[in-house]
């Protein structure tokens, strides 16, 4: 069963990548690839946040710190060392995992709203470190001068199409891996700690350890999102590690839905389309965005995909129930 | 039952999520009457009481006080209409003093009556008088139960809804609370009391109605129920 | 009016994109067909704390566009501006800049971002190879640092190091006359604040070596309350205080300092005071504040400058800002370059821009020159003076000496290994 | 780091007086905002991320009233009352729909409110920063106490804020409404079963919180510049205050606010470039050792 599900994921991923790869051919212009790259960055980030929020029941207000960390670590490694892109990428992931282990060890012990607070506090601490440590990070001006992209294994990320394909691959691979995690025994245990941590404890689950692992995994995928973003803008900025990014992540999750694996991905597409069109049409984008949020939060009361699936489930339930009554 | 029907509950259906808890529960209470709602743990007593107090939403049914349907109204409106609810786990405000708990409960009755001034409360509940400045959280279980009843009386209810007042208390305290309730009844207070402990209700309730698995299965004068071993064994595990 | 035409275009493009069914994904390059048009994309800050300045940039640009179009356009082509709000976020600035070129089909970029957004747009210009003129990023390294400099990017904007040289020399003059030796500084803790302060102090000491900096306060950018910084400065009892706080932060600082009577205890050198937005916003403008010129219609004291300010004011019901003149000047550079190259092709414009001199009201001698070696402007009006509470606010500006500025700037570049 | 300067300041009474006043100013204004935030959380269990917006509205209302009437007293009252009414409207129309819902939904509704209110202010008063100016009665030279400088306006400001703090504390502890509010924070269902309209209590508490934030904005209006979005940094600071003091505790908000005020006042002398970092570190330390804050009820 498990093996067949994994195969389905891999095949689905391959198909998705094939579609992505065809996009520049089907749709002329350079806008679509740019849009997909941004979707990859935010989508990886938001889906990783949903590992915590949706599957782990851990509402993090500070997840953006790992997005920022990924962008800065990768950018700095490329600017200041002679590492190849894959090596720098691997090292960035290691750094993110290490930092997340330390921060997570402190955070995951706290429950509910206090977990949210402490993650926010760490994010603000890291953001103020980035701003203050001008010598390393460039302070508020960010990493300047562009991120060099030496060719590796015949791949040239300075080429827009190759960068596009690489980012699309990162997105697809990241999503497949995360889906495997969610479907695994670990994913099951994680959901158990979400639904009833006490019971999970009785059953011999080390709740803190499970949460910590989830925290680190989520941080790693968020960091990959950050790397993609840094390649897109060819730099890194303190905003990447700011509350706005964490807030966007939350918003995306709520837009798309947290109970379906692809909910955050759908949310990403909606948010970016919304952002791009609204800012184009009006300077009072705050009101427009605010009203849209209210529609989701008060009108639907859940993300779009959650809403749709619930509706389908309801319809099925009534379809089953009605013959009995009739 | 001089004044006719005071509280009338009909066709009460309650769901928690998808699962149904109460099925067409019905009961009625005459003016000045005391009715015991008996049943095993989990039979639906507390849900019925909460539903009457407006704390659990009914999907269907009628809860009429003096002919006025209160179903669907918000809890504070139901309390103002005259239903005074004493919850099973007492739910006193632990950080407030005893007197503050009472003051929070104070309101006039539906006809503007103010029959329970603090003085009378302390007369009827002499145990509370010396504790008035103590934090309610530091009272014993029995004292907390007394406080919970007194607090609800401060609101001048027409019907007193008591949910398992004897639960978890020492026998001596249970006796004391029984005596208190009998004295309340003697003053003409109408009482609906949900209990697992049938003996507690003997000599207190006029009638008893038995609930099992969310359905009313038996209603009779309490003395008759005591004599009916079959019903007792089947529904009350005695 | 240009404003309406601009927004109409924006809306039309967006609607067309929506009609295509996939908004940004499939936005067609609709305007390409109209060959008589040149589209200039402009990311700038139209919401948030800096929106006032972004707006004033847009205002100035639209005013010039109308004039240029009336005179036949750029090399015979009518200018269409596509102006977008980045909210001051660098990643948005980068995204918008890319989109302006890739989706909106803009031919040229007029980068109206402040410093960090400016660096982000600079990277986009590097990536896409499009001609980009920065108008609002004062950070010197943008064009001074050869690692950042691009053949296709230019800056039409005052520059931090120029300001500091003029400010230092002016301050040293005042300090010598009044015996001000103990100095303090108060600057927002971000790149502009730190760099500008360091350079100012450097040149103050250059012109008056026995000056001593006894304390430095670093409030956060946009900090609402400066009380703890003000009291700290009072404790140190300096004779003079330099600050590069700006706009709302500067007025709040002056208001808060006033109730501590700080200004009666030390001379205040506030480089960003002499800007109409700030001068008119302060309710009780104290006299005798030393300030650099941001934009002031009496400096340079020419009829052209006054006429431009009056025209702007008549049109927008407010005075122009320092961002306004810079953007106005940038449009003049586009105009002159297109004329010389007889083309609007970015590569051809980039070839003729270095060394180009244009006639504008904001030059010391009526002209500003795009310096060839580092793609940044010189000879713009720059000076310092002291305030009075009412118009003209700064009656006497002491102009900076461009020969001196250029010499010291060259030394500064050498010291920073930029040459 | 400049610890020598910090030591020198602490040794000098003038410096201590001046910096302490400054700590009180920052702290007491923060307290007014944080008190509402913490009350709202305590009673409604909603983290009101839109709270900074009411501070902003208070400042703008005060500005408008002062411009039209010239009376600072009227501006203060109007600022507080206007924000209170706006808060009530927001609570009744929007926030009340997500009570008991997920934290995320509450967060989003608040976020939407911030976006909308900021934009409304921008539409009404424009993008440009505004400066209200010091009322004439406070345009007086500062007082000198033990070699330290104390401006009369700030004395007034501290006095008003302290008076509000005391009145708030007394009202919560002594009045029946205060007792009901505290009881509702603890067990709203029981309170409503006693015949008290908890919806009304929630509305009142939210309005009170909004009015307190509005009062802070109005008090600060003469010395701070007004911009759309000005509530954000105040929100972050008062959020830190409530987390340190304990969510739901008004006394904790007072202590936390003064703590932050003093960290700022003396931090600007001792470690001017890392005062923010210090604040965040204190917040992390408190959360790790005592998650419910210094004065919070121990949730276990």
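All chains are identified by letter, namely A, B, C and D, in their written order; residue positions are counted from 1 within each chain.
Keep this in mind: contacts are C-beta pairs under 8 Å (C-beta built on N, C-alpha and C of every residue); 3 or more make two chains touch, one makes a residue touch a chain.
Not measured: the values here are computed from a predicted model.
A.B. asks: Tell me which of B-D and C-D has more C-beta pairs in contact.
C.D. replies: The comparison resolves to C-D.
A.B. asks: Kindly work out which chain lies most centrally, taking the average of its C-alpha atoms as its position.
C.D. replies: Of the chains present, the most centrally placed is D.
A.B. asks: Which integer distance in Å separates the CA centroid of chain B from that of chain D?
C.D. replies: From the centre of chain B to the centre of chain D is 44 Å.
A.B. asks: Distance from the CA centroid of chain C to that of chain D, rounded to the nearest Å?
C.D. replies: From the centre of chain C to the centre of chain D is 36 Å.
A.B. asks: How many Å are there between the centre of chain A and the centre of chain B, using C-alpha atoms for each centre?
C.D. replies: Taking the average C-alpha coordinate of chain A and of chain B, the gap between them is 52 Å.
A.B. asks: Where the CA atoms of chain A average out and where those of chain D average out, how many Å apart are those spots?
C.D. replies: About 34 Å, centre to centre.
A.B. asks: Could you tell me which residues belong to chain D and also touch two or more other chains?
C.D. replies: 122, 273, 276
A.B. asks: By the touch rule stated above, which residues of chain A touch at least two different other chains?
C.D. replies: 132, 285-286
A.B. asks: Listing for chain B: what residues touch at least two other chains?
C.D. replies: In chain B, no residue touches at least two other chains, as defined above.
A.B. asks: Name the shape of the chain contact graph, picking from line, ring, star, complete and other.
C.D. replies: other
A.B. asks: Check the chains against each other and report every pair that touches.
C.D. replies: Every pair of chains meeting the touch criterion: A-C, A-D, B-D, C-D.
A.B. asks: List the residues on chain D that touch chain C in their complex, please.
C.D. replies: So the residues of chain D in touch with chain C come to 5, 9, 12, 14-15, 18-19, 21-23, 25-26, 29, 122, 127-134, 138-139, 141-142, 149, 151, 153-154, 220, 222-230, 233-234, 264-265, 267-269, 272-273, 276.
A.B. asks: Which of the residues in chain B come into contact with chain D in the complex?
C.D. replies: 53-55, 74-76, 79-80, 85, 87, 91, 93-96, 100, 103-105, 107, 151-152, 155
A.B. asks: Given the complex with chain A, which residues does chain D contribute to the contact?
C.D. replies: 47, 94, 97-98, 101, 103-105, 107-109, 111-116, 118-120, 122-123, 236, 240, 243, 247, 273-274, 276-277, 280-281, 283-284, 287-288, 291-292, 299
A.B. asks: State the interface residues of chain A toward chain D in the complex, per the touch definition above.
C.D. replies: Residues of chain A touching chain D: 53, 59, 106, 110-111, 113-114, 116-118, 121-122, 124-125, 128-129, 132, 247, 250-251, 253-254, 258, 284-287, 289-291, 293-294, 296-298, 301.
A.B. asks: Using the touch definition from the top, list the residues of chain C that touch chain A in their complex.
C.D. replies: 10-11, 13-14, 17-18, 22-29, 46-47, 84-85, 87, 89-92, 94-96, 98-99, 102-103, 115-116, 119-120, 123-124, 126-127, 139, 141, 145, 147-148, 189-191, 194, 221
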